[in-house]
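Below: one structure in structure tokens.
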Amino acid sequence: MKLRTKDILGLEYLSSEEISFILDTARSMKKISTHSTKKVPALRGKTIINLFYESSTRTRTSFELAGKRLGVDVINFNFSTSSTSKGETLKDTVVNLQAMDPDILVLRHSAPGTAKLIAETVAASVINAGDGAHEHPTQALLDLLTIKESRGTIKGQHVAIIGDIAHSRVARSDIWGLTKMGAKVRVAGPPTMIPPCIEKMGVKVFYSVDKAIQDVDVIMCLRIQLERQNKYLLPSLREYARFFGINRISLSRAKENVMIMHPGPINRGVEIASEVADSKSSFILGQVANGVAVRMALFYLLAGEGEENVTH
Amino acid sequence: MKLRTKDILGLEYLSSEEISFILDTARSMKKISTHSTKKVPALRGKTIINLFYESSTRTRTSFELAGKRLGVDVINFNFSTSSTSKGETLKDTVVNLQAMDPDILVLRHSAPGTAKLIAETVAASVINAGDGAHEHPTQALLDLLTIKESRGTIKGQHVAIIGDIAHSRVARSDIWGLTKMGAKVRVAGPPTMIPPCIEKMGVKVFYSVDKAIQDVDVIMCLRIQLERQNKYLLPSLREYARFFGINRISLSRAKENVMIMHPGPINRGVEIASEVADSKSSFILGQVANGVAVRMALFYLLAGEGEENVTH
Amino acid sequence: MKLRTKDILGLEYLSSEEISFILDTARSMKKISTHSTKKVPALRGKTIINLFYESSTRTRTSFELAGKRLGVDVINFNFSTSSTSKGETLKDTVVNLQAMDPDILVLRHSAPGTAKLIAETVAASVINAGDGAHEHPTQALLDLLTIKESRGTIKGQHVAIIGDIAHSRVARSDIWGLTKMGAKVRVAGPPTMIPPCIEKMGVKVFYSVDKAIQDVDVIMCLRIQLERQNKYLLPSLREYARFFGINRISLSRAKENVMIMHPGPINRGVEIASEVADSKSSFILGQVANGVAVRMALFYLLAGEGEENVTH
């Protein structure tokens, strides 16, 4: 099987077969990370450029590690010192990078649609590492992998996504992925954080967390963006924590084997209480580990020749 | 053949034979970039330190990619977090790096002559990646390679360099290189941007772009440094664009097969109109690709043992 | 022989046998750096994360080079763009990195004890690259290696450490290491910079440099931290230089073959005069070279399988 497009722009554009194929490849990749020599030079001689216009050490590091484990040369292109500060357009920056002949561009940008625009411009494969509030497909893929590994299947799982649904690219990508794979998705959050017409994406809306998490298999907390917190959306963090934070009491009302997930970095005591983040119900660190595997899988599927046996 | 010196400080210090030798080596290197595995570990185990005291993601990335394609370990030394902020002299920083035994130092610095000073201080080869308004030899070498590839020869080509000749290290290196290789060079720009006695470098001075570009084979635009634009040199960007910018009208007055070149990043609508930058006369992206090849060639010639067959 | 712990947190926690073992391994590693191909892929497939919460290009570069010479993949985690600015705790950042399965974390942090805290939290080996004013073990190990190489033995050497003993992690680590290896240590500095009860660490206190350096084999200058200089500790830099700086006159009063050492970066004319820093008594650049060797040794001992012959 092959992916139909050269790019990974969002879960909206992948079929359920493609998603399953990526998840299966990621599970093979995880085996590499358990070797003493955590490296298979399947992509030796390939070049990946990490082009991050929003700072994110965590995601960038995950992509970088994924590349290095496959023998790829990874170049980090630091937005803050880049030529954009010299008046160059994003498109010019990217076609210039393309002239250096990379195989994959990993792009994070604050403007929705940037990854698609760039993908249409360059010959290299583009992986969207987050474009504004639009999509963050590798996050959703690692979330799906985490659920599949733990539950055996995604189909039929009930998942509650809690938080700022309106401004979250993670929520959008997760909703696309989960519904395509047959999960039942609910969203909950303050009314200011629930986008109008979100039901059209195939989800049920709750305004009470207690009701939203009843009988679900997975609770996905979203991060409250402290650094760009909007006063008009939230009266206070304390109020958010009280009404929408997941704590021991919420956990006691949920299914006993509920999975707690969070894309990180977590704000302890805001969207998730420490007692929950550090409990055995938490799959947060497993998500991080799966992030490397999913990114390795995408690199392999997009840049690999298909002739090499990745698990030898 | 071998280069006569351990360093590449400027085109002023290279003979035409050395320049030809570097360009020929760069053409071999370009073949590597067309392989599916864009890597030949000819310099495996060698170390290159990128020491940039002026920010430049583009040039730094080009050097980094060039190194990685030859199997070199590349270390980026970030000026802004370096010990210079702790009161250490540049020379002390460099002799300390030398003590870690790198093979090549790639140095960019705002002070003319810095590369030479450092080259005399350390055992490693030094490649000048730009020293103030003095020289930027790898840029000129990639320009020469671009002309040679397209025209078969540099000798006898008529080249017009347009812009701030007085403050441009690119212009100085290009003039040295072009005249050594037998091209006929003209320069044009506002009177405040033409240095006195520039004719001594073997160029003809024009104050009108229209006249300067008549019958030339190559038009090289220089970048107007928006970020350090000096009010005393330019009444306004609009006026510069009108009198010295290269646009469709200029193109219609030039030879039909004229090459348009620019060291990048470009300021669309200032020194070059979008309709020209994106036209089939534009060789700007070819220059970027040649930049990687030229830097690979220099690394190979300076750090290679000469025993390995780079094209196998 | 093997090290007893998975981490290198300080010289306080290493036995003299372990220190000797590390120094012997470092001497083998130095031979690699003299090869034309300065690389032995003994640790191929291993991953090291440089996690620096205080800026230090020099030390970070030394660790990075050491890793690359052993074939390790080195990831630089830049504190200033990291998720800590998003409200994540240090511990959460580190357990997230651990989830990506690195072999070694190199950690620098301004808070004493951070390395120990993190070492207890993660499965990876932790190397303390400086924790506040507590310890900087790799600096002390490279100092010990420099003395041993020059003098044949550390035992019985008389060493004077001059400067801000109270706030120097270098001084603390050196004192632990030197006394464990049988050297006789003196410290000297302004009274405000001598910690109370320092004699309990087995050193003699002097308030006059002239007396402190009499008949010693080694003078170790400490760096005056210009960037965080405290007015209450020092009347002025000029006064410090006059009374505690090492200059030609101090040198004339010391043993003829005295070794002058400094952890760098040096403040010329403050704690050390240029005439001394650049004299044949100065071992400062040798210290830098030994820094790479010591860090290679630690990587090899902590992450190596022990089956490979590092010197082949």
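A, B and C label the chains in the order they appear, each numbered from 1.
The definition used in the following text is that a residue touches a chain if its C-beta (ideal position, glycine included) is under 8 Å from a C-beta of that chain, and two chains touch if they have at least 3 such contacts.
Note that the coordinates shown come from a computational prediction; the quantities given were computed from them, not determined experimentally.
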Comparing which residue numbers subunit A and subunit C contribute to their contact, where sharing over half means same and under half means different, the two sides are different
For the C-alpha superposition of subunit B onto subunit C, the rotation angle in degrees, rounded to the nearest 5, equals 120
Expressed in whole Å, how far the mean CA point of subunit A lies from that of subunit C is 40
Listed in rising order, subunit A residues that touch 2 or more other chains are none
Note: in the complex, subunit A contacts subunit B through residues 44-47, 49, 73, 75, 77-78, 81-83, 85-89, 92-93, 95-101, 305
Listed in rising order, the residues of subunit A that touch subunit C in the complex are 33, 35-39, 55-58, 61-62, 64-65, 68-69, 80, 226-227, 264-268, 285-286, 288-289, 291-292
